[in-house]
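One chain, chain A, appears in both complexes that follow, with chain B as partner in the first and chain C in the second.
Then we have the complex of A and B:
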């Protein structure tokens, strides 16, 4: 519900331009550094075979399949092309894709932290749940519900399955807040205690999901993705669709937060819940909406990551959790767009680091960048120091 | 003023933040429509707790609060806002990441259609806010934030405004400006209940004052009478500047 009665002056400049510039500068500097290193020639860059074998070893990782594809692509590159040139662009594109999908999965984490102060360790399981619920609705194999010994086949097409999975996952967000987090807040349970509860919930959920769907990797689709060759890089057709969906979802979140009354109320709750309440905002309602939104977006992220990775497993979210926390912290804890910027930086760093270091170290590079950035900017890339007094 | 109907009636309130520990031990107050009430007292007397308990932010364990004839004891803050009570906290009283205009918009959250008219009204009262409407509230000075906080509370056109130490942390000239604004707001017909550390200045502008001591209402009289009361002077006002 867009608000249009703001005294005739449209809200056009709510995204502080300085923070956008700052984020762009970080991205450009990072990209320039990578290109510079590439131009100087890196021994690891030429060692495609090693990268390839590392990629094979890490096939279970969220983006390993993409890395593998890229390695194969690089190997198959024409001999006339300068060695590594295409790989750099390809890794950059893959990094941006992975970053956007990671942003989709982690934006909910940031929203929950912003409005409640909770670092939700069970957010990763919402990502896994989304992907596996989609598998549940779309697979042609017989499936069953937990504790009900009746098997049946649903076998819906991918899109309706994904919509149903997101709806069910968003419902779990509503249920969680209604029966767990809201009572804990009402009883004034401290944030640290709530965080411990979320760790317990994460362990319980990961075991529950494994018990329900099994430990094996499940494919959401059996069709083989067509790769489009766009000159300097190639990209899968389904990845393009994933990109479009994630951009639409992230744009939708941005529109909601900046241009709608409820979105601005969400930011107000994020700033100061007691003042929001004193302004007449039903804080509990806003927080419940955030839980629904966060778990729904995590499910969308989980489904798209499963498509990107060709499969999903019960622990895909748990594997991504640290990267999601890194992205949210790097971007600026609680900042509405922090998760997006942080995820893009992490995504690009993760994928491009494989040009110089083994794929086993790619997450370490991303987390190293997190530490470096926080040493220079403790509030994260988009976080702002507030004036005191 | 004395003929005006009673709008807020707090009767023998016992309240506190932690279970079993009462900060208020029998506070009572009667406020008539259009009055400007000052609540003063030493540190730890329970002034802010009293104000917060009226606004449902501190649980009341015994006693009642009535708005007109309606019992509003322990009512949720957003319900109180709906009934026309505005509250300006002492600290953290703006939304720092929102612009001045968005802060004002939150003031009319329950009635968004009234935004335009309310914004014009607040703009007349605080012209500086109009100049800074697109600036983030977190980047404003303390005095400007106080204006935003009061403006936000007034956006909903409340019948009762609760102010928790509005002059705290401000320079003397800004303090004066705040007291002048408060009196102007009161003159528009808004009943104001104000907790203040600057007791002398507060009593100079208020119609009546309540003196709190150890969680109970020790004295009540008109502002001028309290200013001259030897006991109040000795205990709370001191002799400097008398």
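Then we have the complex of A and C:
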């Protein structure tokens, strides 16, 4: 599957030269526009504009190969020499952590796309739902359910609440597929229609979550994370636990996909649903399982990200959704391992970009990468070269 | 009674007209050509910025409008160039990202002096050229049950101008949709390969539709800004999704669909908020919860519309852009 395409056939892997020219022109125009705007905005900021367009160019190159990213960024850092060595490494570590946590959410998105062909715009809300459900179970404040005017306190410890939250979130995945997506598939509703349904679902869910948990940022835990100083960089103790959990989950998914019978069936459905169905695989069962797995993983990602960021609000998932799409597209739509690689690249690019551009623009960098990937290699790093238009 | 009057007031409000105009633009994309533009709010935001920034730096109103149009057209060209050759959902992801990119740039601190950062541009800085043109008296005017100012902000003057613009562009849509040009676009929507086989340059036609619809969206954004202010976060993804909902509600690929859709959408939203506020006790649904509650209903409406009545109120089931 995924790996067999890595080396690839030289004909299909070669990027069309015209496409590269097109990408370069768009990049130059965008950089020039940004530079012009900044220059118009304030002459004093012109210098930083050069640096930032420089950085976005470097970030753009990063989309070409995962491995070169680091070296390009390091070179760019040497060129500007503004940030110290430690900050570069610190941001690199932060980026890898963020990328690994993001991967939990994007792997699910990619699995859903692979098995059903649906770009699920409501996946971001599953991330926020996981985080806020965990808050719901763990907080010491009184909580209530929407439309029911009774307040009560649950206040479980963090770990059982997290497990309960993941279970409930995975349950919503089961419910969604049982009562929404599988009837739509049976009615042969087209993929485009299903995509707009998922947009409606995302609009409904994000507002439902806001209605339920309020618009404030909620903290999952009040304890302060002790930071371990490891010489070149420092990292929080609970972040290390998060990393471990994230790696275990991703390892579990990889083991499931590569080694178990059901996992092989999932990959078969991903490859060709009709053929899989004809060879005796129950496609609907597999898809249902994928929905449960994807929503559960998204909830794990949401909880860990909320711990990493110290707090979560109702719109955290909506803001991450486009980063997930960027990661999934970069790795190759429908390839779970591509989603992992893509997430790491996006995570590193997002965090490293704060060395040159303001933190309020760090997500913009990821979206820039996404657009560049669509220009140069729409099938992504691991994707098969196929006609996509 | 108050709820009814408020709803009707919302129906004729300039913001409703602005959304109707933006939806006419989206109708060129989706209804006529079948393009999945999920970043329409980006076009609106660019139009707003183009108009407001140039006006606040002393440009006359005609120049400001031209700048808004040019900026949106350039954005359309830049966006369409790489993406129009890709499959539908790639275009959706690319447009939504590009629109968010515009919003992030607009609200970033590095462009603070130009775009005003996340607080945006105050109405007083760019509305005066439009308000000076008003022939109406400079005072509150009551017409039947509704009172608005004659020429300031969300005024009767803006009501007249914006609905006139909506009528004009609806007429344009009607004429273009039945022209040979419009028939090619409909052909692309139905079967791209067939049109290509007839020797038409599909890419170029799609690009023309994208740019034209985007420019109309930008003008909708200008109208919206004239009634409110330029605020990047008001033009985020939800705005795009609302435009989609009201377009599908009224009926895509129809002349009056966007207009009816916008009127019904905003009227229903105000009515639902009013009724929910009046009937449901505050212990069950507190005032701060009414807004998200009504938007949950919007989301559910969008889902149900797409599944059960994709042609909307006015549409024709045979003329649907959902063919994959």
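Keep in mind that, in the parts below, the second predicted complex is superposed on the first by the 296 of 389 C-alpha atoms of A that agree within 3 Å, B and C clash if a C-alpha of one lies under 4 Å from a C-alpha of the other, contacts with A are read in each partner's own complex, and residues count from 1 in each chain.
The rule is short, and it goes like this: a contact is a pair of C-beta atoms (placed from the backbone, for glycine too) under 8 Å apart; a residue touches a chain by one contact, two chains touch by 3 or more.
Since this is a predicted model, take the numbers as computed values, not measurements.
With both structures placed on the common chain, the touch criterion links A:275 to chain B but leaves chain C unconnected.
Look at A:184: by the touch rule set out above, it reaches chain C but stays clear of chain B. Of the two partner chains placed by the overlay, only chain C lies in contact with A:195; chain B stays clear of it. Contacts of A:364 after superposition: chain C is touched, whereas chain B is not reached. Which of chain B and chain C touches more residues of chain A: that partner is C. In the superposed model, A:265 lies in contact with chain B only, and not with chain C.
Touch criterion not met for A:96: it reaches neither chain B nor chain C.
Residue contacts after overlaying the shared chain place A:163 against neither chain B nor chain C. The contact surfaces that chain B and chain C form on chain A in the two complexes overlap at residues 389.
The touching residues of chain A, when paired with chain C in their complex, are 22-23, 26, 29-30, 34, 37-38, 40-42, 45, 48-49, 52, 119, 146-149, 184, 187, 189-193, 195-197, 199-205, 207-208, 210-211, 214, 318, 322, 325-326, 329, 357-358, 360-361, 363-364, 367-368, 370-371, 374-375, 378, 388-389.
Residues 55, 57, 76-78, 81-82, 87, 89, 92-99, 101-102, 105-107, 109-110, 112-113, 115-116, 119-120, 133-134, 136, 138-142, 152-153, 156, 169 of chain B touch chain A in their complex. Residues 3, 5-7, 9, 11, 13-14, 16, 261, 264-265, 267-268, 270-272, 274-283, 384, 386-387, 389 of chain A touch chain B in their complex. Residue ranges on chain C touching chain A, taken from their complex, read 36, 38, 78, 81-90, 92-94, 96-98, 100-101, 104-105, 107-115, 237-238, 241, 244-245, 248, 283-285, 288-289, 292-293, 295-303, 305-307, 310, 322-324.
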